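Both complexes below contain subunit A, partnered by subunit B and then by subunit C.
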Partner chain A sequence: MDLLNALVAFANFVVVPATAYGAQLALGALGVTLIYGVLRFSNFAHGETMSFGAMVVVLVTTLFQSWGISLGPLPTALLALPFGILATAILLLTTDKVVYKFYRRVKAAPVMLVIVSTGVMFVMNGAVRMIIGTDDRRFADGERFLISARDFKTMTGLSEGLAIRTTQVITVVVAMITVAALFWFLNKTRTGKSMRAYSDNEDLALLSGINPERVVKITWLLVAALATIAGALYGLDKSYKPLIFQQLLLPVFAAAIVGGIGNPLGAIAGGFVIAFSEVTLTYAFKKVVTYLGPDSWAPDGLVQLLSTDYKFAVSFAILIIVLLFKPTGLFKGQSI
Partner chain B sequence: MTQSRAPLYFLIMALLILAVGVFQSWNSALSILNMGLISAIMALGVNLQWGYAGLFNVGVMGFVALGGLAVVLTSMSPVSAAWSAGGVRMIISLAVGIATIVIAIMAYPRLPKGRIRGFGLAAILLVGLWAFRSLFDPAVAAIEAIDPAVTGYLGGLGLPVILAWPVGALLAAGAAWLVAKTALGLRSDYLAIATLGIAEIIIAVLKNEDWLSRGVKNVNGLPRPVPYEIDLQGAEWFVSLCAKFGFDPVSSSTIFVKLLYAGFFLAVIIIIVTAMELALKSPWGRMMRAIRDNEVAAEAMGKDVTGRHLQIFVLGAAIIGFAGAMMTTLDGQLTPTAYQPLRYTFLVWVMVIVGGSGNNWGAVLGGMLIWFLWIEVEPIGGFIVNSLTAGLEDGSPIKSGLLDRLAYMRYLTMGIILLVVLRFSPRGLLPEK
Partner chain C sequence: MKKLLLATTAATMLTGAASAEEIKIGVMLGFTGPAESLAPDMFGGAKAAIAEASDSGMFLDGTTIAVVQGDSSCVDAAVSTAVADRFVTADGVSGIIGALCSGATIAALQNVAIPNGMVMISPSATSPALTSIEDNGLFFRASPSDARQGQVMAESLMEKGVTSVAVTYTNNDYGKGLADAFEASYTEMGGIVTINASHEDGKADYSAEVGALAAAGGDLLVVVGYLDQGGPGIIRAALDTGAFDMFHLPDAMIGQSIEDRFGDEIEGSTGQVPGSDSEGGDMLVPIGEANGYDATAPYAPESYDAGALMVLAMQAAGSTDPQVYKDKVFDVANAPGEMIYPGEIAKALEILAAGGEIDYVGGSAVELIEPGEAAGSYREIVVEGGKITTVGYR
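Moving on, here comes the complex of A and B:
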């Protein structure tokens, strides 16, 4: 029986990675939820938007590295982040002007806009592949670990190590700052309030003189920032691969719907619910169980509920369960 | 008024394929024709769901893959060593798994609400999972240990491959029924996300369950409904036929095989389109369109909207599964890693929208035309780049950079085509009458 080591192993393989992944999903889901709240459609191009933002960050980071600019122990990508957000904002505003604006004017059905967004997804996907190719890229530099497994072991004298990577800490810190700024914006500023009013009741907001085009524009700007940060953090934490973002679409949507689509608080909760269930259900608990039981108890198998390849099934199952029992999501949906 | 445009468009489509035959090769022209016909059937399935009922299915890829799985399960010969090693245990374990879920679903309304229900369900599921895993895991290990380089799976039933096509339709219909049972009646976006999810899960199963279809090791050498080229080249009648017309027996054997496939696929398309057109004109078709155009009014008239949606969703998925089985038969192998959502889900959507949603001939035309462009965008782009950069020497960075990026042109082009059609001609090339 070795409770401490079991806890450390659990923290190292489940809590820490799931927290970082949850923060990334939450940021992605916030983007989906904002678009749903204001523009009232599920944006299938959101994964590619994240990919595009992350791609610009990768390119600018490489440029900075070649100039010898760095942030010391922190990854250079943080410096490149504003450029990524700017480029994505330009892309999204242009897309809105060229593509989506027309459908708002003719008051097209939401499902039409979803189909339109798949067209945008194709274009963005092609553009990203043409610009950067399909290779795997690692662009994290600076200090690799905040605490490495070996330091932790010598520090505490435990046999199990707890490694915390810099990128994981940065993910959580950046996500917290972003979310705090977003909520401050939505709740305290006049523009943010007008956005919430527009999302709650469009007609009433129009009657009180809120300019819908301005609200839409600001939404896209926020989405650009959220998507770029989410994509770049995901890329920093794992590695940047353009095709991976297509697969992130499902967990991101699941997070947004589980939390209650249209509700930012719900998106964050949904992100962590999805991330923790994915990681917990696909983690092999052999080590933890071995520490917990007496020596002779060591299990033969991996004590893994599902193989990691089925992590989609986890987000899907949670989605279905929530939809069946609480169709509006954990938090009340459809309001910013 | 627009029906008169259809023959013209199909004539243009035929000319495009003939042009490929003349300028590239007859072999690639027939390849485009065959895959175009299969794509047209997939588009017909999506058109049934979207054009007739307004259901947004983004899990096309999953149903296509189930069709592919059906080919393996039906037509490959059974691996008797694997069956005797773990076949029975496998079937029992799957039965235990299904029984657990059924018991849980049946117990749910019977248990008293509150904590007892929660713990009761958890207990049923955990015990069921434990029983399932303790039977399933050793069975998998036993099956996959049998000659893993060649088999390592249970194999199929050894039936003629043509039978796999309706089996593919059945498998896809079963999966669609499960999805529709849970997600229909919720908001349309949720159905979309649910289908997206089920498609990813189906692909994950195909990639990982080696005992079922060898996973990423692929199943090669699937039986064919047509003769092999090499046998044709040795056959007396074929060689003498070629000699009579002065053709080369080797190249004409591949063309002959492709023509046979095209004949099969054309027959399927004709049957499906006829059936769908008859259905559309029947009272059933009128009811479906009434439901699509105004669900509330149709419900007030006593129509079972969710029931009809379920029916049409399952039918559409069955058609897609049928096409998926045909495609795997044509390929001759099942490659789970080849299933990509952009290619198998969203491309089919482009076909339906461009062709004209709600019009079966439009779906057929869209399927063929978009498939043609999907294949030909690259060579056409290469031709343009080469002529634009004719002044540059070979190996100049601009030229090679442009040529490298051509492979991704198709995604960009498809997106632009979809956006342009949606914006300027949302009813497609052949609009619904």
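Moving on, here comes the complex of A and C:
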């Protein structure tokens, strides 16, 4: 019984939240990695792209709700996702045409593009704040819980509860579908193959007749879809707040680099590595230890490795360790 | 020459005695920043009290008072200092009402008011740090220190039989001050604080913070946060994971938006907010209506009282010189003397002019204790049927 209690407590506070968070990070990191692989620069505006996509989803969701359209137990935001992706795609293609295209033509150094993307980040950030304001918004509707902590306790008779929110399940399911679709696209379709060819060796790809502008355009479209889904899922699961996407940029980049930047599989692994380390290292294991050990072992302290204030420091530390010892990341990506 | 000198002296003395002069009082509040929604009604309160004195014609032989307004922000020390400096040097005010937040108040007090010998009365700064500042008797506040709130909170929880709690506080002067004050009182009374951890405002996800709080355990969770910032995020995460379903909420967590968000999900949760059951609060309502502000808004009564205390102290001293009237603030605020309620400022001015004594009660039952802050009475609330309900005063 105690063993079960310990497991449930651990699952409730570590496994469930970290899995949902990991899926959100993985989707974000996939976008970063795609841009790095194909366009060869670190896009610092990616966090704000997520924010923009999520904002459109929030606005469309509100509109749908006012019309009385809903998905029953599922959140209305899922219906609004395509509109968010569309708007973000238009935004990214316009940005590319107005800003990035010029730097590609003059063959600017990657560092210059990074600075340019930082500028784009500030512009997008300002635009989002002007459109929707800085307030916290919850736009999740439908059924809140798959299992609530109280129901779980009465069902199993355990003293620890396990809560699984609908949004957490949706996050993981949608992320799985998105990733599967992306991998199918990259590996099985002609366009996907030409993208990978372009990413592997630009000159050879050009020689074999691949149209670079088309590859760039498709990359932005994929990034728009990934960023909007990631941003909307994060907002759906937690709450939508324009200012937090800048904070989210660090774990997203850490995930991409830890996994091996430019490698889609690595981005997913990286997302979960970062999410689980952040949550596990800052979790206080007092309850778990109390349940597992004999009574005399019950600790006075919290058995917490790091205070939760240092959550972001965890992603930083992992980032530095990986860059020092394995610059190409866990899965072979490009070294930076 | 001698005659001319005499005439000049006589003339200066005449103006010194001041018939139908105009003086200025500066009101600086955080019109922008994390507490901006409180500022307009507080400004209304302070302005109403000052206008009441000015219009009565009894204030220092018919002297009128003009209000100068300033935005001190909430946490930006540079802005607050600049505004206070402008009040003193450019506007030539005789006293400052403000600021709203503790951070802004401390900055203006230390950088401007103390060096220039200017009296400052804050309606709402509650940081315990303000108690120990060496202020030369220049600083007063119409609100109690959070050291007092911590004590009230500890007493109230102890009486309910709650002996072990987890505490989370917003990581700033207010949050840390109140959480530490509470922990000190509560532990002294025999309670156990299982964890006293901070949270950052403005995040979307508090599951890690709540994980640590849940591991520490406790009968309930004390959330020392802001109701439009991280506080609701913590409560939401705690409810979702089943970590806590009872909460205790101090002043900055109590408001309509908590009812709207959680309703009966936090049934039975408790809290307290500065307030008193004196009839003064109700008497302010028509004054608020006449002046176009909400007199029952948080800290609006305290603002009215801050304005009233300043003009009454000037009247008692017969001078608008801060160095003179600073010593009279205690005299007008506390017994002995005739009790003065809101709307009776003219009467108070008359009594003081005749050399009598007053005991200003005002909208928040003001009782000043050393070193110049309100003794503090609190309204205790409980969430019943999804509504915040008053259960008593302490």
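Criterion: the second predicted complex is superposed on the first by the 331 of 336 C-alpha atoms of A that agree within 3 Å, B and C clash if a C-alpha of one lies under 4 Å from a C-alpha of the other, contacts with A are read in each partner's own complex, and residues count from 1 in each chain.
FYI, contacts are C-beta pairs under 8 Å (C-beta built on N, C-alpha and C of every residue); 3 or more make two chains touch, one makes a residue touch a chain.
Remember, predicted model here, so these are calculated numbers, not experimental data.
**Q** Name the contact category of A:V120: first (subunit B only), second (subunit C only), both, or neither.
**A** A:V120: touches subunit B, not subunit C.
**Q** Per the contact definition in the header, classify A:K241: touching subunit B only (first), subunit C only (second), both, or neither.
**A** second
**Q** In the superposed arrangement, does A:G161 touch subunit B (first), subunit C (second), both or neither?
**A** After superposition on chain A, A:G161 lies in contact with subunit C alone.
**Q** Just checking: does A:D309 make contact with subunit B only, subunit C only, both, or neither of them? Give me first, second, both or neither.
**A** It touches subunit B and subunit C both.
**Q** Should A:H46 be classified as contacting the first partner (subunit B), the second (subunit C), both, or neither?
**A** Neither partner.
**Q** Of the partners subunit B and subunit C, which touch A:F285 in the superposed model: first, second, both, neither?
**A** second
**Q** Using the superposition on chain A described above, determine whether A:S148 touches subunit B (first), subunit C (second), both, or neither.
**A** After superposition on chain A, A:S148 lies in contact with subunit C alone.
**Q** Could you pull out which residues of subunit A sit against subunit B in one structure and against subunit C in the other?
**A** Shared contact residues on subunit A (touching subunit B in one complex, subunit C in the other): 247, 307, 309.
**Q** Please name which positions on subunit B make contact with subunit A in the complex.
**A** 54, 56, 58, 129, 137, 182-183, 186, 188-190, 192-194, 196-198, 200-201, 204, 207-208, 341-342, 346, 349-350, 353, 404-405, 408-416, 418-419, 422-423, 426
**Q** Please output the residues of subunit A touching subunit C within their complex, sorted ascending.
**A** Going through subunit A, the ones touching subunit C are 9, 12-14, 17, 21, 136, 145, 148-150, 152-153, 161, 163, 165, 234-235, 238-241, 243-244, 247, 278-279, 282-288, 302-304, 307-309, 311.
**Q** Help me check something: in the complex, which residues belonging to subunit A touch subunit B?
**A** Going through subunit A, the ones touching subunit B are 41-42, 44, 99, 102, 110-112, 114-116, 118-127, 129-130, 133, 246-247, 249-250, 253-254, 257, 261, 301, 305, 307, 309-310, 312-313, 315-316, 319-320, 323-324, 327.
**Q** Considering the complex alone, what residue numbers of subunit C touch subunit A?
**A** Contact set of subunit C toward subunit A: 171, 195, 197-200, 202-205, 207-212, 214-217, 228, 233, 240-243.
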